[in-house]
Amino acid sequence: MKLKKNNYINFFKKIYLIRKTELEISERYSEQKMRCPVHLSVGQEAPSAAINIFLKKTDFAISYHRAHAHYLAKDCSLKKMIAEIYGKASGCSNGFGGSMHLVDEKKNFIGSTAIVSNSIPVGAGYAYSILNNSKNNKVCIYIGDASCEEGVFFETLNFVVLKKLPVIFFCENNKYSVYSGLKNRQPKNRKLFKLASAFGIKSFHLSSLNAIELLKKMHKIFQKKIDEPIFIEVDTYRYLEHCGPNRDDNLNYRPTKEIKHWSNNDPLVITENYLLKKKFCSEKNIKEIKFKIDALIRDAFIFAENSNPPRYKDYERLVLK
Amino acid sequence: MKLKKNNYINFFKKIYLIRKTELEISERYSEQKMRCPVHLSVGQEAPSAAINIFLKKTDFAISYHRAHAHYLAKDCSLKKMIAEIYGKASGCSNGFGGSMHLVDEKKNFIGSTAIVSNSIPVGAGYAYSILNNSKNNKVCIYIGDASCEEGVFFETLNFVVLKKLPVIFFCENNKYSVYSGLKNRQPKNRKLFKLASAFGIKSFHLSSLNAIELLKKMHKIFQKKIDEPIFIEVDTYRYLEHCGPNRDDNLNYRPTKEIKHWSNNDPLVITENYLLKKKFCSEKNIKEIKFKIDALIRDAFIFAENSNPPRYKDYERLVLK
Amino acid sequence: MIRIYKTSEVINFTLEKLMKKNKNIVCFGLGVDDPKSIFNTTKNLQKKFGEYRVFDTPASENAMTGIGIGMSLNGKIPIMVHQRLDFFLLAMDQLVNNASKWNIMFGGKNRVPITIRLIIGRGWGQGPTHSQNLQSWFAHIPGLKVVAPSFPSTMKNLLIDSILDPDPVIIIEHRWIHNIEEKLNISSHKKQLGKINLLNKGKDITLISSSYSTIEILKIYETLKKNNVSFDHIDLLSIKPLDIKAIFRSVKKTGKLLILDNSSHSFCSVSSEIVSQLTAINPKVFKKKPLILNLPEIASPSSFYLTKEFYQSEDNLLKSIEKILHKKLKRYLKKNLLPHDVPDQNFTGPF
Amino acid sequence: MIRIYKTSEVINFTLEKLMKKNKNIVCFGLGVDDPKSIFNTTKNLQKKFGEYRVFDTPASENAMTGIGIGMSLNGKIPIMVHQRLDFFLLAMDQLVNNASKWNIMFGGKNRVPITIRLIIGRGWGQGPTHSQNLQSWFAHIPGLKVVAPSFPSTMKNLLIDSILDPDPVIIIEHRWIHNIEEKLNISSHKKQLGKINLLNKGKDITLISSSYSTIEILKIYETLKKNNVSFDHIDLLSIKPLDIKAIFRSVKKTGKLLILDNSSHSFCSVSSEIVSQLTAINPKVFKKKPLILNLPEIASPSSFYLTKEFYQSEDNLLKSIEKILHKKLKRYLKKNLLPHDVPDQNFTGPF
């Protein structure tokens, strides 16, 4: 199977959807109606967009605090996500969870949690429950570079390999944990995919700056039938602050050169140009795509704003008896 | 520096001391005066005996539940260990800790604990406290093969490499965790030293069945100046049950062939024969050595039996005010 | 079948029965399939249900708890076991931040029906990290239930209740109840989660206990009865939910309360909680100062010579009752020929 | 120097002062050296004391706690910090099985003088795993001390006490006290570990609070005073050891007790412990039923619309007091122009 025109277009769509949703959140955050921590994925849309070109609808996903991209790339409900961030009853978790607790059962998005690495074994347990499933479904466990510092990650890795669970570890290495660069946390020359590999899991490293190359490399991984657990590390970069709506480059915890390096290779620009260059889309097509997605986002925010708040009574009903 | 005659003799002495002490505990256990779990090291004396030929007195050690050998190989107080197992006030931990909580400040034996892997970071913290010490002291952290399944081991490994702490991880791989063979716990072909190595720590694997070869290989490691953390995995085997004084081969959790394989290469027999063959010792010398050590052990048991029990009052004094 | 069963047997039979009925039940933990099969409680389960449903695990308590949670989100009903509660401290993040909250966190649609058996050690030098009963930790967390069986029959009922419960349940399983025997009908079931068991009825004093402490109180029954002390004896069974109404009824009747608590340490204990809740209902309920007997404010010692005083003795228990009742009690205690640090004559160490 | 300080400044100054005096003090935790320096509390420390004594760590809470313990066994005095208590659940094995027991386990010769700062989140969607106060867990463990400062001055005193204490101390540090201001002498020190602070003296009722709850009670002072309610207000400061004698003296005087507890959930809470201990001393001390106000028996929600009812309001606090006093109170509350989920007007999210 070769990459088709449609794959490229879908890839672009996903990136655009994530980018614009996140930017909309960013812009509207100061209205103080989204009253919860948000970890935006602006800049790092490509990895999850790419893998979701190849994951099946029936595959599962589970994620961490920076989950918007993972959620949207899996076609989960945009409306329910925005409503969740607004703390509304129509949110995917009824407003109980907020931005860090996204779920969409219909789309097989198991959930996302706010403690670094603690969704990892949950994903593995889910994979255990579908072991030997005829559909060959997998659980994609999203992790960050700091996830690979928590012991539970290694414990889970060992178990997943031991039991040959249908798991894809998908590590978005954006080189930072909050403001802490890798040098504070991991030895020089650490290669996460090699570390994983030493546990006996087949591992891949996609270090491409160029989103289209990333997609192609991802394609290569999924060309072969995957019948064992795998680990994929993707280099990526966030443009905004760790948590919140703003840029924070003024804080100088990241080298200007590094920031430039990544923003000069913006995945949205690159994919759009590629579609045009390859004539997969005309300028008009692109406009239409954007227009449709913009409308979806607008609708989602309207939906969220107009939704009812959760009632405390409904929350209290969940107290165990 | 070459291995000297004296090194070999000391090696033998350590092995003999450990073997005989453990067998004495085993024999007397049914008297029901040693009323605590004991994890004996019969069969796996050689690894700790070997490394302690090369560790300095000023180096530190910290261990886990099966600590007798590590303690004795570092010349810690035999009397206090036996008294501790007897629960007496003269025990190294005043009887408060029992067999699994050995300590000897004078000999730089930091302690041993009973929760798998939880002494590992404590050892690393100790190493942090002596970082850049002029004496180039190290902390030897003893671990078992199951230790390498707990997340905290990997977390510590990462930190030790990150900060280049003066740590020697010393892993005695006896292939079992209680009754569980490796196949229940780790993927096939797992090599612990390779796993460690992937974290960026210099790693060694000593797989020799022959105790003398083990000593020689250990010697080779310590020939070079060690100025970074290292990891040493040693294959070994326990003869008795996981916990307690008896053989338990009747339970059939270990293949008879495997048991034979190891007991046919008994470290005590091999080292004794080697000393004789190389004429490092005469039969008479050996007898004298044994006689002396036997006496020490006898004395230690007499000391323990005759010691006073701890007073509850003294224990209660430790309640925080 | 009605006959005499040991607690360990009852666990084994109950697990087998439920696993046969419901093939979503999965059972795992360090050593479930080994020759000792968790003090015989998981005997033959792997043989009967295969390696997928019954499996040994790596020493990775935290991940394994998360794995149990993950399974349960897709319809499995996991039963985890830890040979000592102390080992489970490694998994508090998974228990508290995930198991207890998953349902709430995601809007109330995802329950986690996991059952976790935690064995409490005692005696024979178990020492500081092999004998903690942290039941009040678990009871403190919203979203968790906690039970503490005492007998074969209550073990059977509570184990079934726990496994059938749609939310996480912690079973506090004292090592010293494994060999306790009782005649019972193995195929009966009575719901006891959330309920107390009134073992003896009387009017002078209310005695409350749970788990092995209940056995300890049984040992003074004869003395109490021969001294004409008329007492309510409440076996808690369910630490949380707690049947405070039933407890209040009893204390209201007797006005006097003694709680024997085998959890370590007095601060923020389940016993304190009981006294506090009773006081909040009505402080006048107490005609005498209530007394809590539990373990001292210090890590438990290993030495045989120290555990004797560390744990509560029958005599101390009686002295406390004398104090509350203001009455001397003649002792009718069975001569205990056993050393204080073993549960029965079959126990000769080391574990 | 006497001037107005914020709590966060006081922490920063105190750390600096002690670290200057004693070069064995080491300070570490995720983000101690980053641009936000733990809400400014560790500002400039790394610049001043170097990377060996002040360092950022990998996300490895369990190992880092053990590493702190290890250092402390060789003379270092570690100060660890966690931006949220919730993250520290990963380290319970090290805390309970090692830090709290090391001294006992090895015969009483090896103390572990570690200080652990745990920040409690609240508001702005902190949600279920960023706002737990598990103070009663720590208080339950023999070998641990627990303090909960409320003001700049008590923070200063308790931080010094904790660092100088030879045993492990947990500091419950509420996020909403960081910006509280108070005029104080930064170079003075008064020992407060083990002691309460009587903030107001009166005879009708005893109010007990700790940490940020103390601030919440301050907000109803005017209403109480204008209504001629004469009250003792006890700021606990030291959760463990607990100065139960001082508390008893107060309740004996007033006969009425209300505890405002910002820890989640009623079961096995510090408040229950206080009520239970008072009852054990003398149940007759209560002329009225004591009341405990704390957080509901459920994980905390993220939604703005739910946190309002989840946390105790001033009005609810007053209603409870009315109930105990059997008396209507006219409200003299400052109009709160702020949304309920932020500590002050400078807070605009997201953390």
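The first chain written gets the first letter, and so on, giving A, B, C and D; residue counts start at 1 in each chain.
Rule of thumb we're sticking to: contacts are C-beta pairs under 8 Å (C-beta built on N, C-alpha and C of every residue); 3 or more make two chains touch, one makes a residue touch a chain.
Owing to the predicted nature of the structure, the values given are computational and were not obtained by experimental measurement.
The set of chains in contact with chain A as well as chain C comprises B, D. Between chain A and chain B, the least number of touch steps comes to 1.
As a whole-number value, the distance joining the C-alpha centres of chain A and chain D reads 36 Å. Separating the centre of chain C from that of chain D, both taken as means of CA atoms, is a distance of 32 Å. For the pair chain B and chain D, the distance between C-alpha centroids works out to 43 Å. Shared contact sites, meaning residues of chain B that touch two or more other chains, fall at 91, 95-97, 101, 113, 115, 149-152, 155, 158, 162, 185-186, 315, 318-320. Of all residues in chain D, those touching 2 or more other chains are 57-58, 60, 62-63, 86, 89-90, 93, 97, 104-105, 127-129, 142-143, 296-298, 301, listed in ascending order. Interchain contacts join each chain to each other chain, per the touch definition above.
Per the touch definition, chain A reaches chain C in the complex via residues 91-97, 101, 103, 105, 110-111, 113, 115, 118, 120-132, 151-152, 155-156, 158-159, 162, 314-315, 317-321. Chain D contributes residues 52, 57-58, 60, 62-76, 93-94, 97-98, 102-110, 142-143, 145, 167, 241 to its touches with chain B in the complex. Within the complex, the chain C residues that touch chain B are 30-31, 33-36, 55-63, 86-87, 89-90, 124-130, 296-298, 301-306, 308-310, 339, 341, 348-351.
Across the interface of their complex, chain A is touched by residues 149-155, 158, 161-162, 185-187, 189-190, 194-195, 197-200 of chain B. Across the complex, chain D is touched by residues 62, 86, 89-90, 92-93, 96-97, 100-101, 104-105, 127-129, 132, 134, 136-137, 139-143, 240, 242, 264-265, 267-273, 275-286, 289-292, 296-299, 301 of chain C.
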